[in-house]
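Think of it as A, B and C in the order they're written, each chain with its own count starting at 1.
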Amino acid sequence: MTASLTLGPVLFNWPVDRWRDFYARIADEAPVDTVIVGEIVCFKRAPFFAEAMGDVIERLSAAGKTVWLASPILVGSERERAAMRDLVESDAGLVEANDMGALALLAGRPHAVGPTINVYNEATLGWMAGRGAVAVSLPAELPAATVAVLAKAGRELGVETEVQVWGRAPLAISARCYHARAHGLHKDGCQFVCGNDPDGMPVTTMDGQPFLTVNGTQTMSHGCLCLAAELPALVEMGVNRFRLSPQAMDMVRVAEAFRAVLDGRRDGAEVATELGGLIDAPLVNGFYHDTAGALRVA
Amino acid sequence: MRDPDVAQTVSVSNPLAGERARRFETGLSRAGLGLVPRLGRRASDALLARLLRLLADRHPRAFEALRGMPDARVLIEPVDAPVALLMRVGPELSLHALPRGADGVGEAGAADAVVRGPYARLLDLLEGRIDGDALFFRRELSISGDTALILALRNTLDGEEEMDLVADVASIAGPLARVLPVLRRNAGPVLDRIEAARRLLPPPLRRGIERVEARIIGTLPGSGA
Amino acid sequence: MDNFELICPAGTPAALRAAVDAGADAVYLGFRDETNARNFPGLNFTRQDVADAVDYAHARRVEVYVAINTYPQAGNLGPWQKAVDDAARLRVDAVIMADPGLLAYAAKRHPDLRLHLSVQASAANVEAIRLYRDTFGVRRVVLPRVLTVPEIAKLNAEIDIETEVFVFGGLCPMAEGRCSLSSYATGLSPNKQGVCSPANHVRYEQRGGALASTLGGFTINVFGEGEQAGYPTLCKGRFVAGAGAGGAPAYLFEEPTSLNAMDLLPELKAAGVRALKIEGRQRGKAYIAAVVRAYREALESFAAGRPVPHIDLQAMVEGGTQTTGAYTRAWR
């Protein structure tokens, strides 16, 4: 299994035109192998992207990208369930399940497991493989030792393992919308204020230290997860898929840089330094090094 | 204002009497603690060592749990008493009394965590009467250093039934026999006030106070009442 | 119509006896290690403690559940599997679990052991719940605190296993078992180590009259003079939202408040809920005795068709405020 790059779904609420243009440029220029599309954070945002979805999938497919469809992270209401069933039944691409409900519906046919489903050990990975999982994107908080065990188990089971190597880490999901709450609004009347923050809303401590990022119902890290320097070790472990999570920045350049490291053309640490200059956040890799996720370990 | 998170567990039938009794008992034991260093270092350590042995007998589970903790020192510092206690948990479990303030700084400096507050609150804490999280909510208690150590200590003590340190202390006959006359002499004004109060109280309250006094002078050993 | 079951927490043997004596139908607890989601210093049960707890509870017709609800560590499944084996050997009435791999182990090795799905599995919809029932024979699901009462009613209409919901105590504003906030600040997480905002990463700092609480070096709150302080649970902290320094600090995720759904008993009954759960294995026996007693009294009134009394639990709640949380839509 060769190493490949995955572009995760856009997690932020971008205007649909920006969203469409973003994928057009990815199709034309980004050296990524798989592109996962879908609004997975908030059900209320989904209609905006629905009309452009067909075009985007077609464009990406025409450019030779493998397109997967992501299911929502949190599925509770009847309407959310109906949307989840529709997605699972569609034949537009392989589905990446981000909730156990979607995983249930996908049993017996090839599917992917997203990073918001808890896969912490080889027993669970084996159980998923037996039900048709072909790729599992591991939760961001897993340390290297765990990733190594799962990558090895994945190879034995014929399941590809994926690790996020770029972008703010998803940390939590809620039924409550913190974007709306911060603006004194209710989720039902949110006025889509999350659309004002294409890279999420910064959350700082009372001492002015940047800490987290709010993206509607989702809470993310402030630090931008970057495992460019760790790529060779990850490849060595047998991890063969590497996820770039879109930020409001030049993601084509990010993809090119990671591709160059995977191809052995560039040094990972040097790439980290270069990319760190392109985003207004510190680079972090603490989860991988089995410490606080907010830290960067040299 | 009544402290909402402290269980009123003093074993007397009338709740009001229980509250009052607890207050008197707390005041008296605080006075007693103040006298411990006057015994001299060796005698006070011997007294406290004896208290620990008593705990081992009466509360074996808590005692073993305290000994099973990693070696660490907690300074328990009542802001309204002249004496602080340095508790060493772990295999070398021990208890030392230190005068509060300048003289104690050297030894207190070795503490991994300090919990500071009114004597009454600290007694509640040591007896496991305060709910765990409440410990942190109330500003009367301040905590510095290793928060996990204090939490572990509190959880361990809370895991015991009805720990009653005052009764335990009062039942150490030997050394206390030497301390008690001093205690009585110094706590005289307090006891006088109890006596004055007693005359004004209705019978149930009076019984509660009699019980406290009985415990303090050791005529009701262990005070299972 | 069956009465609600009252499921109560215990972090120590003394707390277990307090819960049993105060009227619990079942007490849930954990072993003294990383296999449960309240792996706090000085808390929890040795194997012998559990044996004694089962004796004490069963003699009084109270059940004992063991929570083995963290996610087993890759390459080190032993402690979790042993916890399941020991729970079965000790004759506990149910085990509460979240990890599919561990559920599969329990279902295979101990077919007679009753399995409950932990809130840490965050099974929030019919499809997910059916998956655990059909695959592992799970008999009861503890619902995540993301659903409204009408959503719970719809869900119960479509599933045929029991549901258990939280009615009192600390409230996670995030979907449980899907949160790495603690891990981000400290490296220790509910899913891996069974801790959230762990005390060994907490520091209190006096700043003049103010008190700052920090977690992993991040300031979680600063309390003014005279203001009641809180434990620095990350999601109950005060932060400044938005770009620029202009914003006022606010409880962005959740106020330091406690869930109390006592007023919702009729709605929860109509929604088909089987069991009511009190949070707080880390709380002291004073809290457990008071809350369990209050709920027992409320349930007896409710079962007898009398109005549910207004029982003052204000003293037991964090921050001195109570909420019905996600059960009502306005919370969102």
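We adopt the following convention: contacts are C-beta pairs under 8 Å (C-beta built on N, C-alpha and C of every residue); 3 or more make two chains touch, one makes a residue touch a chain.
By chain, UniProt protein names: A = Ubiquinone biosynthesis protein UbiV; B = SCP2 domain-containing protein; C = Ubiquinone biosynthesis protein UbiU.
Fair warning: this is a prediction, and the values are worked out from it, not measured in the lab.
A.B. asks: Identify the chain whose mean C-alpha position lies nearest to the mean of all protein C-alpha atoms shown.
C.D. replies: Smallest centre-to-centre distance to the global C-alpha mean: chain C.
A.B. asks: Work out the mean Cα position per chain and let me know which chain is farthest from chain A.
C.D. replies: Centre of mass proxy via C-alpha means gives B as farthest from chain A.
A.B. asks: Can you work out the whole-Å distance between the CA centroids of chain A and chain C?
C.D. replies: About 29 Å, centre to centre.
A.B. asks: Where the CA atoms of chain A average out and where those of chain B average out, how many Å apart are those spots?
C.D. replies: Here the centre of chain B sits 55 Å away from the centre of chain A.
A.B. asks: What whole-Å value do you get for the distance between chain B and chain C if each is reduced to the mean of its CA atoms?
C.D. replies: 33
A.B. asks: Can you list the residues on chain C that touch chain B in the complex?
C.D. replies: Contacts found on chain C: 11-15, 17, 40-43, 198-200, 202-206, 211, 223, 226-231, 282-287, 289-290, 314-316, 318-319.
A.B. asks: Which stretch or stretches of chain B touch chain C in the complex?
C.D. replies: Listed in rising order, the residues are 4-7, 9, 61, 65, 69, 128-134, 136-139, 142-144, 146-156, 158-161.
A.B. asks: Enumerate the contact residues on chain C facing chain A in the complex.
C.D. replies: 71-75, 77, 98-102, 104-105, 121-128, 130-132, 146-147, 151, 154, 173-175, 177-181, 183-187, 189, 191-192, 212, 216, 218-222, 235, 238-243, 245, 249-250, 252-254, 326, 329-332
A.B. asks: Inside the complex, what are the residues of chain A that reach chain C?
C.D. replies: Chain A reaches chain C through residues 73-78, 80-81, 84, 99-105, 107, 116, 118, 120-128, 139-142, 145-146, 149-150, 153, 169-178, 181-182, 186-188, 201-209, 211-212, 214, 219, 221, 286-287, 290-294.
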